[in-house]
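See the structures that follow.
What follows is a pair of complexes built around chain A, which joins chain B in one and chain C in the other.
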Partner chain A sequence: MSANLQACSFLLGRLDREVAKLKALTFPGHHTGPRKWLSFIAGILDTAKSYLAQAETQGFPAAESERLVREAERLGDNAYQLLTFVAGTDATQIPHQVVAPFQRWVEALGIKETIFFRAEHLPNYELAWIDLRHYGLINGATKSLQDATLAIDWPALRVSVPGHAMGLLPHFAVVGHELGHAIQDQVKVDLTPFTQGIGDAITRAMARLNADGVTWAHEHSIRTGEILKAWLNELKSDAVGHYLVGPAFFFALCGFLELSGRGSGMSGSHPPSDLRRELLFQKLNEGTPSFAAILATKTGLLITEDFNSPNIARRLPDTQMYEELRDRIGKVDAAVTVELTSAIAAIAPTIFHAAQVHLQATSPDLVYTPTQLSADLDRHLDLLCHLVPPVEFMNAGQLRPATLSTIINVGWTALLTKVDQFPTIRGFGGSPPIAARMESLHELLLKAVELAEARQLWEELA
Partner chain B sequence: MGGTGVTVLSTEAIRERLFSEKPQSRLVVSPLLDVADQLKPGQASIDVRLGFEFCLVGPSAYGALGSIRAEEENNVEEESFDGLYRRQYVPFGACIVIHPHQFMLAQTLEYIRLPSDLMAYVVGRSTWGRLGLIVATAVGIHPNFAGSLTLELRNLGETPLTLYPGQTIAQLFFHNVVDQHGKPSAQTNPQAQYTGAVDMVPKRLSSGPTLDKLRKLIKRFEDRLQT
Partner chain C sequence: MYASPISDLALEHILESGLRVLNSDLIDDGRRMSVLHALVQIFTEAGRGSAAVTAQNHMLIALEEPPAFERFALFFRYLNRTFGADLPARLNEASQVFTAIEQDMDIPPAMRNRVAELVEGMLTAIHRESRLVQLAPPKELRLSF
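Now for the complex of A and B:
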C-alpha cells in the first residue's frame, strides 16, 4: 500500500469516527436537518473509501490507482469542510425549546427544503442556501451517498442565529425575517410602475460616479441589478417578519441592530437600517386599531421610531452619505446605494402588500394581527408579571396552546413596559437588578415556548 | 376556606383555584394536558407528568460534596454542583431508562405557581412506588413557589424502568396556609416574593447566615485542634 493511500485511509477513518460522534449528539428539538447532513457527509466518506478499495485492487493500473487516491483525498477534504456547516447545531448554544416552534413556521410557510438551525458566536441572523446535490451523481457514488443525497430536499437551508449570550428569546422574532428569505422568490412584486424611479436613480449614480472620476460601465449596471435584488429581498423578508410576528419583529430587529452596533447598516446587501425601521414603524401605525394603538391602550406604551434603537445611525444627506460609504464599500456600491434609497422606499409599500397577499393565501393563520395582540395582552400580560408563563389560554371552555408569535409579543411587551415590576423567581428582600428581572423573563418565556409546544403536540394526537 | 384544622383541598376546590380570576390567588399548574385525567372527581390531588429535562449523575472528580472551608470570607458555597450532572433532554416519544439504584433529577412537565395561601406536598404515584421508583424526597412546596418541580428519582427496585416524558409520575396535595389566628394568609401582599428553582441543579446547601456561622464554628474547632 502506498504511503499516500495509507495516509488517506487514516484520514477517512478519523473523519468517519468524527461523523459518528456528531451523530450521537442531541440536536435541539431532535431536529432531523443536522442528521441528514451528517448522513450526507458519511456517504461522501463511504464513496472515498470505495475509491481507495478500488485503488488497492491487485493488478489495477498504477496511474489509475494514483488518480483514485487523489480523488479520495479530495472527497475527504470536502467532507471535512462540510462538517463546518453543522457546527453550532447542537444543544449547547440553541435552546431545545425553540427549534420545534421554528419548524412549525417553516411548515406553515410551505418551505419544503431541508433546514437546520445553528448558533454561532456572531451577532448575526442569516439564511444560507447550500446546494450540493451533484454529489449523488459523482462517479462511483455509493448507495449510502445516493440515498443521503436523495433524503435532502435541496437546496439545504441553514438558519444561523447568535449563540447563547445573544440568543435572547424575544430577539428570535428575527428568525421570521430569515424564513422570509426562504420564500422571497414566491413573494411576487411587479416593478413596472417603478421603472422610471429606478432609472432616475441609476442616472444620478452615474453622474455621481462621473464627478468622482469613474466612468459607468456594463459591470456597474450588473452590480446595480444585484444590489436592487438584494434590497428587494431584504424588504420582502422584513415584510414576512412583520406579518408573522407583528410588533415583536419591529422591536427585535431594531433591538438587534442596535445591540450589534451596525451604524447605518447600509451596504450592497442591505438597505439602510433606519429606512427598514421607518417602514416597519409605519406598518405598526396602520389600520384601525393599529398595533401601536393597541399597545398604547393596553399598556400606555407610546412607541416612537427609535424607541429601542436610538443608536441606529440615521441617513446623512446624500453627498455626505456617499463620502462616508465610499471608503467602506467602494465608489460604485456607495453611489448606487445612496441613489437607490429613495427608489426602494417608493417600492416598499408594494413589497409589503405582496408579502401580505402571499401569506394570506398560503397560511392565513400565521398572520399576526392587532386583534390577536389585543387578545394576547388581555390573556397573558398581567399573569406573566405574576410569573405565569403564556403557555395556554381558555377559549370556549377549552385550553388552547399559545403560539410562538403570541409568546414573543407578550414577552416584548412585558420587557418594554413591566420589566421594573417583574419579579425574579429567586431571592427575598432587596430589589433585584433589572438584568436579573430580564433573565427571569427570558427563562419564563423559554418555559412557555416549551410547554405550549408540548400542549400543541398532545392535542395533535387527539 | 380557613378554619383552624389542617385542610386538604378537594379536586373541586383545586379546580376552582386553577381557574380563579385573580392573578394573585390563582393556582397555576400548566399545561394541564388532560384535565379530566389529571383532576379526578372525588379525589384530593392533581396528577403531574414527567417533563423533558433530566440531570444524570456520573463519575466526577468530586471528593465529598458540601464541605466548607473555614477561611472563605464570603457566603458563597465552595463548590458549584454544575459539574456533577450531565444534562439530557428527552422529547415526547423518546424515553430514558433508570437502572436499579440509579439516581437522577427530573422535572415535572407542568409549571407550577402557588399563591401565598396554599402549600403543597408532592407524592409519588403508588404504581411507580410498587415498581421501586422513588419520585421525590423534598416533598414540601412552599407558598409562592414558581417553577417546574424538581423530582429526585431513584430506582430502588431490581429492574430497570423506562420513563417517558408525559407519563403521570406524581401527585400534588394542597393545603391552605393560615396565619396565627387561623385565617388565610394574605393573598395580595405586594411584597410577597416568589421562590423556586429556575434550574434543577442545586446552587447552595446552606443559607448565607448559616454558612457564615458554620464557617466560624469550623474555624474555632480547627484552632482548638492545633493548640
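Now for the complex of A and C:
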C-alpha cells in the first residue's frame, strides 16, 4: 500500500467518524437539512473509499490506480470542506426556539430547497447556496451518494446569523432579508423602462475608466452584469424583509450595520448602505396610516432616517467616492458601482413593488401591515413592560398564537421606547441596569417565540 | 454559486465522459444518457448566458436569467483567452451537438471535433488552475502603526 493511499484511507476513516458523530447531534427544530447534508458527505466518503479499494486491486494498471488515489484525495478534501457548511447548526449554537418559526417563514414563502440555519461567531447575516446536484454523476458514485444527492432539493441553502452576543432576538428580523435571497429569482422586475438609465450609467463608467487608463473590454461587461445582479438581489431582499417584518426590519438592519462596521457598505456585492436605509425609511413613511405614524401615535417614537445608525458613512460626491474606492475594490468595480448608484435608486420603487406583488400573490398572510402593527402594540406592549411575553391574543373569542413578525415588532418597540420602564431585573448581576433589562427582554421574546410555536403546533394537531 | 471547477470532480468527470461520447468510445448506456442530459443543460445555459456579451441589451441577460449568466461567466473565465469572441458561438454549437447526440442524430465530424476542442480546452484550463492553487497566507492581526 503506497504512503499516500494509506494517508488518504486514514483521512477518510477519520471523516467517517466525524460525520457519524455530527449525525448524533440534536439539531434545533428537528430540521432535516443538516442530516441530509451529512448523508451527502457520507456518500462522497463512500465513493472515495470505493476508489481506494479499486486502486488496491491486484493487477490494476498503475497509472489508473494513481489517478483513483488522487481523486479519492480530492473527494476527501471536498468532504472536509463541505463539513464547514454545517458548522454551528447544532442546538448549542443557535437559539433553538427560533428555528421552527423560521421554518414556517420558509414554508409560507414557498421555498422548496433544502435549508438549514446556523449561528457563527461573526457579525454576519448571510444566505449561502451551494449547488452540487451533479455529484451523483461522479464516476462510480456509490448508491449512498446517488441517493443522498437525490434527497437534497438543490441548491442547498444555509442561513447564517450571528451567535450569542450579537444574537439579540429583535435583530433576527434580518433573516427576512436572507429569505428574500432565497426567492429573489421569483420576484420578477420589468427592467425595460430602465434600459436607458443602465446604459447611460455604463457609458459614464466607461468614460471614467478611460480617463483613468482602462479600456473597456468584454470582461468588464460581465463584471457589470454581476454587480447589477447582486445589487438588484440585495434590494429585492430588502423589500422582502420590509414586507415580512415592517419597521422591525428597518431597525434591525440599520442597528446591525451600525454595530458591525459603519462603513459605506458599497462594493460589487452590495449597494451603499445609506441608500438602502433611505429606501426603507421611505417605505416606513408611506401610506395612511404609515408605520412611522403608528409608532409616533402609540409610543411617541419619532423615527428619523439615521436615528439608530448615526455612524453609517454616507456616500461622497461621485468622483471623490471613485477615488476612495478604487484602491480598495479596484478601478472597474469602483467606476461601475459609483455610476450604477443613481440607476439602481431609480429602479428601487419598481423592485419594492414587484416584491409586494409577489408576496401578496403567494403568501399574503406573511405581509406585515401598519394595521397589524397597531393591533400588536395595543395587545402586547404594556403587558411586555410587565414581563408578560407576547405569546397569544384573543380574536373573535378564540386565542390565537402571535406570529414571529408580531413578536419581533413588539420587541423592537419595547427596546426603543419602554425598556427603561421594565421592573428591576434579578439574575444579571454585574450588568448595567439597562443592559440587564435588554437581556431580560431578549429572554422574554425567546420565551414568546417558543410558546407561540407550541400553541401553533397544538392548534395544528388539534 | 457553483462549486469552483477545480474542486468539482463531478464537472470534470462529466466533461471527460462527454469527450468519450464525442469520440464514440464505449460507455455504459445509463451513464451516457445521464451525462448527455447534464451536458445539454450546462452548454444550453452557458450559450443562453453568452448573450450577456453579444446582445444589444446585454445587461438585462444578467438580471433576467441569472443561472444562464453565471454559467456563461464560468466558461468565459476559463476559455475567453483561448476562444475570444468565438466563445458564444462555440458554446451554442456544443449545446446543439450534445442535443443532437442525445436524440441519436448524425453530426458532421468537423462539428464533433470543434466541440471536443472546446471540452478539452475547459479540462486543460481546470487542470492548469488546479496546479496553481496557492496556500492561504498566514493570518496576522495587529495594529499597523
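Criterion: the second predicted complex is superposed on the first by the 433 of 462 C-alpha atoms of A that agree within 3 Å, B and C clash if a C-alpha of one lies under 4 Å from a C-alpha of the other, contacts with A are read in each partner's own complex, and residues count from 1 in each chain.
Here is the rule we go by: a contact is a pair of C-beta atoms (placed from the backbone, for glycine too) under 8 Å apart; a residue touches a chain by one contact, two chains touch by 3 or more.
As the structure is a computational prediction, the values presented were derived from the model and not from experiment.
Undergrad: For the combined arrangement obtained by superposing on chain A, do chain B and chain C clash, or do they fit?
TA: In the superposition, chain B and chain C stay clear of each other.
Undergrad: A:G29 contacts which: chain B (first), chain C (second), both, neither?
TA: A:G29 sits against chain B, while chain C stays out of touch.
Undergrad: Who does A:V391 touch here: chain B (first), chain C (second), both, or neither?
TA: A:V391: touches chain B, not chain C.
Undergrad: Can A:E258 be said to touch chain B (first), chain C (second), both, or neither?
TA: Neither partner.
Undergrad: Which partner chains sit in contact with A:E66 here, chain B, chain C, both or neither? Use first/second/both/neither.
TA: Neither chain B nor chain C is touched by A:E66.
Undergrad: I'd like to know which partner A:E113 touches here: chain B for first, chain C for second, both or neither.
TA: After superposition on chain A, A:E113 lies in contact with neither partner.
Undergrad: Applying the touch criterion given at the start, work out whether A:T224 contacts chain B, chain C, both or neither, answering first, second, both or neither.
TA: A:T224: touches chain C, not chain B.
Undergrad: On the overlay, how many Å separate the closest CA atoms of chain B and chain C?
TA: 32
Undergrad: Would you pull the chain A residues touching chain C in the complex into a rising list?
TA: Of all residues in chain A, those touching chain C are 71, 74-75, 77-78, 81, 128-132, 134-139, 155, 185, 189, 191-192, 195, 198-199, 202, 218-219, 221-222, 224-226, 228-229, 232.
Undergrad: Tell me, which parts of chain B touch chain A in their complex?
TA: Going by the criterion above, the answer is residues 19, 23-24, 26, 28, 30-35, 52, 88-89, 91-92, 94, 109-111, 113, 146-148, 166, 193-198.
Undergrad: Please give the residue numbers of chain A that touch chain B in the complex, ascending.
TA: Answer in residue numbers: 26, 28-30, 91, 96, 382-383, 385-389, 391-392, 394, 399, 401, 423-429, 440, 443, 447, 450-452, 454-455, 457-458.
Undergrad: Quick check on the complex: what are the chain C residues that touch chain A?
TA: Residue positions touching the partner: 1-3, 7-11, 13-14, 17, 31, 34-35, 38, 52-53, 57-64, 66, 69, 72-73, 76, 80, 85.
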